[in-house]
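The next block holds one structure in the form of structure tokens; read it before the comments.
Order of writing sets the chain letters: A, B, C and D. Residues in each chain are counted from 1.
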């Protein structure tokens, strides 16, 4: 069993989850005003998953993300200021304004990219893990994917390959119940995505994605197992997204009050704060200090993003090839 | 007894499979003496003259200018004046009926290059001509960036009465590429090792450009192995060298960059064909070549100045110096650096004088080494 | 065929779709029990029930992963008035609350036996609501102490014989013990073991690291058991019928000369340090305080507590009733309940 | 030292030499060893046609058999390239791009741009292509034009053993994703290949032979057909200049342009279908850039707009032939 989180670890966990939440809430607001271009898919509600998993990773571990990738980016250590500028399509963005919300990547910190193709990341993360394995490092790869991607052939192929090559990969199925507007009750042929693990010769585990501690502990075990050379794991995190598939989605396919009820009763930040303060591990002052600090940082990231220059005409033709 | 002689398309170098007739240098009816140039033929855009091996009268010009013919094809007929036209026509008819151009495989079956290991360095060399009692062999040493094919038009003609070796220096041709060699003496050490390895006790040395410098360095290192020196546009005889050429040669990575560099070598810039450039690029792209050339050029020609002056190394050996008047790589003024040497500066010629004026150079060497 | 009573016999079947998916798949080699197999077990149990004359079978609904297969396998029409098993009409939210609701509903509908498919956790939930209705406890996986691994057809037959009264309770039904836990006002139960751990979080629930185990209370402990109770089973086996349980106080192996090897999870045999152990007598309250950690009930962490918490554990001899399949069918054989001759009336 | 080896041996040698030179180079694909997990030899096949034979033993642990799972292992090669390896993934037949194209064109090709220049994806995808083996419609196509269309990919089509080795070495050392296409019919072709390692740079067309009358641009196997046609035309007094682009992305437009400006006549030979092909692309580019120099309409010699047929009689009709090239050259030569 993983050792208990230190005070520093608890602070970090809360700060990461709060940063993701505030980042997404702010993008939600600014998108509604029409200032942010393109498509954005928000991670609000799912923070405990990215945070609980990525806290076990170091820079040389890779993650492959999804179109709903902001949370994964922040949890893996991508700078939120650069991310905000990227979402605003600015030259100072993480990807110089060439990728946008759906393609934020920072290989320097092991973030292999949000991915606009559902299920695109599975094979890729097998590759980073293969490289780690062949080089003899103990690094792992995390493939985040959703209930929608759980039906994609790429994910099946990746899970099969990961077992065949005994790769240090953790497949994290973030099951938020909806693939776009279609319920996973309809689209996923089994009750639990984790049930598919057996077919690919790996353990399949379900955790409560509203509970940071549950995710953190299960992920810790799966990652330890991978680092020690015991192969892949499928971790199904049951959670929910607070906003629509993309911004502008009115979510009329969801039950009335469904989201509000979750926010009121299961919210991961709320549960976390209650849990740690009631036991005296952190004080309300600790929590509030992080809240203030994060709010300032996010506000500042928006100020910087708005002020930042747009990409220049000459940027159109660069960065296609290393050399051509 | 009268004789009829056929003149056929020569094979110059290993890769020649066909040649183009440029022009006849003798008219039908002209009397021919051995060694006289009869017809000019072009291969790989380098033209050369076919010399008569016999005496007689040129009776037929079978090949016509601009015709492309395979090696061995009938060019013309030389016969004594008293041979009847019928006999000659009969011979031409029979020759043409029976002539089969060599296939590519047969062409390959000609003289083959060999390799030898000298102190961890693999050297490719080509030996033509037979070892003859009393005949001192000749060793041909190419220049910077060259290989044994630089002697394409010299090697075979010079091998009529002696064994003639041409080798690829380290870093060149098909010899080991990156050996770290950066001095003439280090090249000379390999050449001396080569002579020992193939059993050459003593040889006439002929060197072109940097190869001339190598000949001088061999003489300094092992004078007993050197019978004479034929130095063509040789390095080691003065300070100046065209640094722009050297640097351009090392740096060129594309056809367009290479072409103006190579054109400096020739008096006739049209000789620098696309296929020549392609071949040079193929060489330059071999693993280790760039490193080898970079080290060598830095050691020998840094900043457009030759680092070694070796005129004094000849120590009384017979020396022939040949230069092209318009050499743009090493100035012809260096030709007079060795007192007592036989010096021949060929008018109008450039740095690759042994290719562009092959028969003249061959004659000079032949008569010099006897 | 046996027992014609005035009112039709009702039997409930509860199968937990989420059982067999916890972190023990990762930390040990616990099996993944497919829901399709659970559905198949239900169908086979129904065959046994029908053979025993039970015509009214109530099945717990779920999101479809088990019930859908049962539905298709039995060719049900969805018309709840037709003959054949019925799905309980209740809301489904995919949590443990479904099990509690279904149990209550079945008991109110007059079920005289409940067939339960799941692990220790599922049975604990049913036991909290089933009162005196006997359970036929079937294990769906490799990781359970309370329910048995056995063929569902036979289980259905036994459940039907007991439910209809053909086999009297005295012959086929057994009394189980129960552990009652209270912690700062929260009351809960365990069927097999209560484990007090040093681990600070409920987290992913399962207990697999013996180094974190401080106190272990068991209702029974087979020497051949699997799970935390196996620790006790190797110290002093306690039968299900015995009046007492066992309380084991653990220590790190390095801190005590007394150690025991036990199969604490499938594929995981661990060395556990033991400070001491003692018999746990009925109704005696053991109080623990002054520490922080979590309490695991039947192997799953449920309750977090801190140094100020007051924890009480006691053994209750009146736990749930369970049907003893072997004893039931032995009785049936002795009384020729399942024998007949050509020409007998059905 | 140059000696004659086959196209197939040249590819094997390039892989071998690069694997020896750089431990980050790995080879993966279906049956590239051929026998993983089977009771017999671990490297029974060495590739379906034996192209990778012998590498398994020489480079232990770096020649990986994969499941028949193209999205999975091609994507894994791409991911591994992002994490410091230089994988060479063999797709067996280029027709199989259909089951893994996303990993190539949406992932590998776009990483660098989408990620603002921060990614480097040095992956090589090798595959055989081309008709002539009675392999029918799903194992015979020439799909290089589809890859050429995608920014971020480089596309290599060697026509002879020398180029095959040098271009493959360049492909492996290149820092961008490279599609390396090998014509089945060329595997047995022999040619002079230096024993040493060497590179042939991308974007440098080969002028296979020089001529002043007509420019023929041909690629892959068609280069050899163009040579046959040119040899025959030479007897009729027509000197063809044959240009082999060697890479279609990047494409050496300068060499083609320079030649057409001199000859004024262009025939493009392409084994793929005519619409949106290299033939139409090069024709369009020349029409745009050298219209004034053209003395005759450009001729395209391509396969027809039909799938590759199975029956020998039909397949022979399908594949552009030296005779059709000759015809096209005569057409542009005689145009008034």
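Methods note: a contact is a pair of C-beta atoms (placed from the backbone, for glycine too) under 8 Å apart; a residue touches a chain by one contact, two chains touch by 3 or more.
Please read these numbers as outputs of a predicted model, since none were measured by experiment.
Visitor: Show me the overlap between the contact partners of chain C and those of chain D.
Guide: The common neighbours are A.
Visitor: Give me the fewest steps it takes to get from chain A to chain B if each step has to go to a chain it touches.
Guide: So the least number of steps between the two chains is 2.
Visitor: Work out per-chain C-alpha centres and flag the one nearest the whole-protein C-alpha centre.
Guide: Taking the mean of all protein C-alpha atoms as reference, the closest chain is D.
Visitor: For this structure, which two chains share the highest number of contact pairs?
Guide: Per chain pair, the contact count peaks at A-D.
Visitor: In whole angstrom, how far does the Cα centroid of chain B sit from the Cα centroid of chain C?
Guide: 97
Visitor: Which whole number of Å gives the spacing of the CA centres of chain A and chain C?
Guide: Roughly 37 Å separates the two chain centres.
Visitor: What whole-number Å value describes the gap between the mean CA coordinates of chain B and chain D?
Guide: From the centre of chain B to the centre of chain D is 38 Å.
Visitor: Got a list of which chains touch which?
Guide: Chains touch in the following pairs: A-C, A-D, B-D.
Visitor: Please output the residues of chain D touching chain A within their complex, sorted ascending.
Guide: The contact residues of chain D facing chain A are 26, 61-62, 64, 66-67, 69, 71-85, 87, 102-103, 106-107, 110-120, 151-152, 154, 174-176, 203, 250.
Visitor: Can you tell me which positions in chain C touch chain A when the two form their complex?
Guide: My answer: residues 17-18, 21-23, 25-27, 32, 34-35, 62-66, 199-205, 208-209, 211-212, 292, 304, 306.
Visitor: Considering only the defined contacts, which chain D positions touch chain B in the complex?
Guide: 1-2, 162, 166, 194, 196-201, 204, 206-207, 210
Visitor: Chain D touches which residues of chain A in the complex?
Guide: The contact residues of chain A facing chain D are 62, 64, 93-99, 103, 105-108, 112-113, 115-117, 120, 122-132, 134-135, 141, 153-154, 157-158, 160-161, 164-165, 318-324.
Visitor: In the complex of these two chains, what residues of chain B are touching chain D?
Guide: Against chain D, chain B makes touches at 113, 115, 124, 174, 177, 253-255, 273-275, 278, 282, 285-288.
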